[in-house]
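As written, the chain order gives the labels A, B and C, with residue 1 at the start of each chain.
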């Protein structure tokens, strides 16, 4: 902010939307701690999440035509100041995160009551809000170092949230510790990468950085920065060989947290990957170093196959879904690796689709656990007869996971196959179909157990309480709604893919 | 290529060499040590290496501390070191402290729950737990078939 | 540490000076090196050393854990509140000009003052809370067995 220059005046609240997106959960978290009442804490979390969803929807509406919203923190103009920048891709991620959070919080109220002692609730919701802040911040910021700060805000609160599962199973503690070690190494690699880029460019603003990197791609500083960043994000993202923290963390975390993390945390990491690979490093650079053919594509296909095969042999429903998550991340990476506009669209749609689908499935398994059943398949035999509504929602989730027409999962797989055939890589298309068949196998194992096995009479259970059933079904209906009414998500994703493919931040 | 291995190259990049040595020491400790507290120490060394990397990056040769004199008479010939990396790393240090305290808190809880903080023991306890779970499941399924 | 007479006397003398120094670092932070982080840690150290030399109970009588927890939240609220003030002047988040629209330099001054105060309160709260959390655990090994 130079003292004489006119300020960037913003007279209505709508000009502040990018910062409010982050600020509202950020203020709600300490407020919850100060007030110190667990019911008020839940309401604060829920209300701020609803407001965030409204903000995200407004932002999405504003940028859906391909425009970009830029916000200068403290009135300092970029590249010197920190800029918040929203384009169609970040708006879609913001929408996904806030939507999932708003669906999950009503569900979490009962579920958390059951899984965590009451005196921890206030701090639990404060940590949840901080996690939400971090995830939204990563998506909204246009400053490379700011990404790291928000990433760590979300990661640190994630470790805490996962460790809260220890009241049910003490293995949550070691799972959280493992994740902490891996996550910190990943984040530190990421900072090293940013350090290298800062050395080469002298700026931290993403747009500025991207302009300055052009022409010095052959510098080894830039290249090693790229490697550090991709590996760092890869750890967070659970790219196939770096995925070992994920199944344990997802299995032992509280159900609501598993649903939230599975739907959002890895998706935000994919967003980071896309942002850094395509916006900061130009697509030309990526194809010059052939990262797609030799690294991303093979890893994606390996993830799809190996994780799906492991999922088939799991006897714990939660672990099965966790491995299926790794396979689904493989699909997203495949979309990135095929490197065409169609495949990028598929990847972006799949981020959204898989987020919603996994939220429904993990909420469903959480409902089973709440009703006195374990998450093992043997505990779930015949449960479809006593909990018909929950089980039906899980079936909808499975259909979407497999990619049956009429659900969201179909669109992204269709686009993936289409983009593979467009460039004539039919073996990849076959791989997609084959792994979908593997998904059919592990989904069928669960459906068979739920519906076609005799009920265990000794553990009689009732249907899930309505306050939990409603969020599950809102999610399940969202799977169908976005599968039939593809317009909104498609337009945004195509816009996002187009700008990514052009290697820009929003503007085409 | 010969030029790469001259004394000038080695001494001129001394901060990078030290950064690499520290980083690898830290990473090695994290990977090889079984004690959770030692892992945390390794993680700290690993993070410190990055702090050193950033701080040495901000040094401009011949530059002085980037503080303006109180009377604001700024000599335009003075070179200042770049303060931005220091500010950035201040943030990263705070993040590092939070990570360390969280990791230590988890270690305390693990010690209370398991009675050990050695990774080998933890793994064997968890293996036992999951075998129990699996055998309970098998008993259930087989019992029904019989 | 009941029998360490010298430590006990020196600590009693030093705690006051440490708190005073913390305030100096806090409020002089915009003119000289210092600020919220350092001041917060120095302030917390005053409490922590009191807790170590005397007893956890003694220090918790001065600063109960619930106050430390609230401090940690209030500091963050102060920080974000400072940013929100700018909204009412039609300025962007954290634009310090809002504090003194006719004299932006003073605005910067007040703004950074408020933000650093928030940081100081939070850091004090966090450091003291971490100390309480670890020290408050019942130890399984008695002092004599070391």
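One rule holds in what follows: a residue touches a chain if its C-beta (ideal position, glycine included) is under 8 Å from a C-beta of that chain, and two chains touch if they have at least 3 such contacts.
Every value quoted in this text rests on a predicted model; they were computed, and no experiment measured them.
*Asks:* If you average the Cα atoms per chain, which one ends up farthest from subunit A?
*Replies:* Most remote chain from subunit A, centroid-wise, comes out as C.
*Asks:* Return the chain pair with more inter-chain C-beta contacts, choosing between A-C and B-C.
*Replies:* A-C
*Asks:* Nearest whole angstrom, what separates the Cα centre of subunit B from the Cα centre of subunit C?
*Replies:* 26
*Asks:* Once you find the CA centre of subunit A and the CA centre of subunit C, what distance in Å lies between them?
*Replies:* One centre to the other, that is 36 Å.
*Asks:* Spell out the residues on subunit B that touch subunit A in their complex, using ranges where they run on.
*Replies:* Those in contact with subunit A are residues 27, 30, 36, 39, 43, 46-47, 50, 53-54, 57, 84-85, 88, 91-92, 95, 98-99, 102-103, 106-107, 109-110, 113-114, 122, 126, 129, 133-134, 137, 140-141, 144.
*Asks:* Across the complex, what residues on subunit C touch subunit A?
*Replies:* Within the complex, subunit C touches subunit A at residues 69-70, 72-74, 76-77, 80, 83-84, 87, 90-97, 104-105.
*Asks:* Taking the complex as given, what residues does subunit C use to touch subunit B?
*Replies:* Touch list, subunit C to subunit B: 31, 33, 37, 130, 133-134, 137.
*Asks:* Can you tell me which positions in subunit B touch subunit C when the two form their complex?
*Replies:* So the residues of subunit B touching subunit C come out as 67, 70, 90, 94, 101, 104-105, 108.
*Asks:* Enumerate the contact residues on subunit A facing subunit B in the complex.
*Replies:* Residues in contact with subunit B: 145, 148-149, 152, 156, 159-160, 163, 166, 170-171, 173-174, 176-177, 180-181, 184-185, 187-188, 191-192, 195, 198-199, 204, 315, 376-378, 454.
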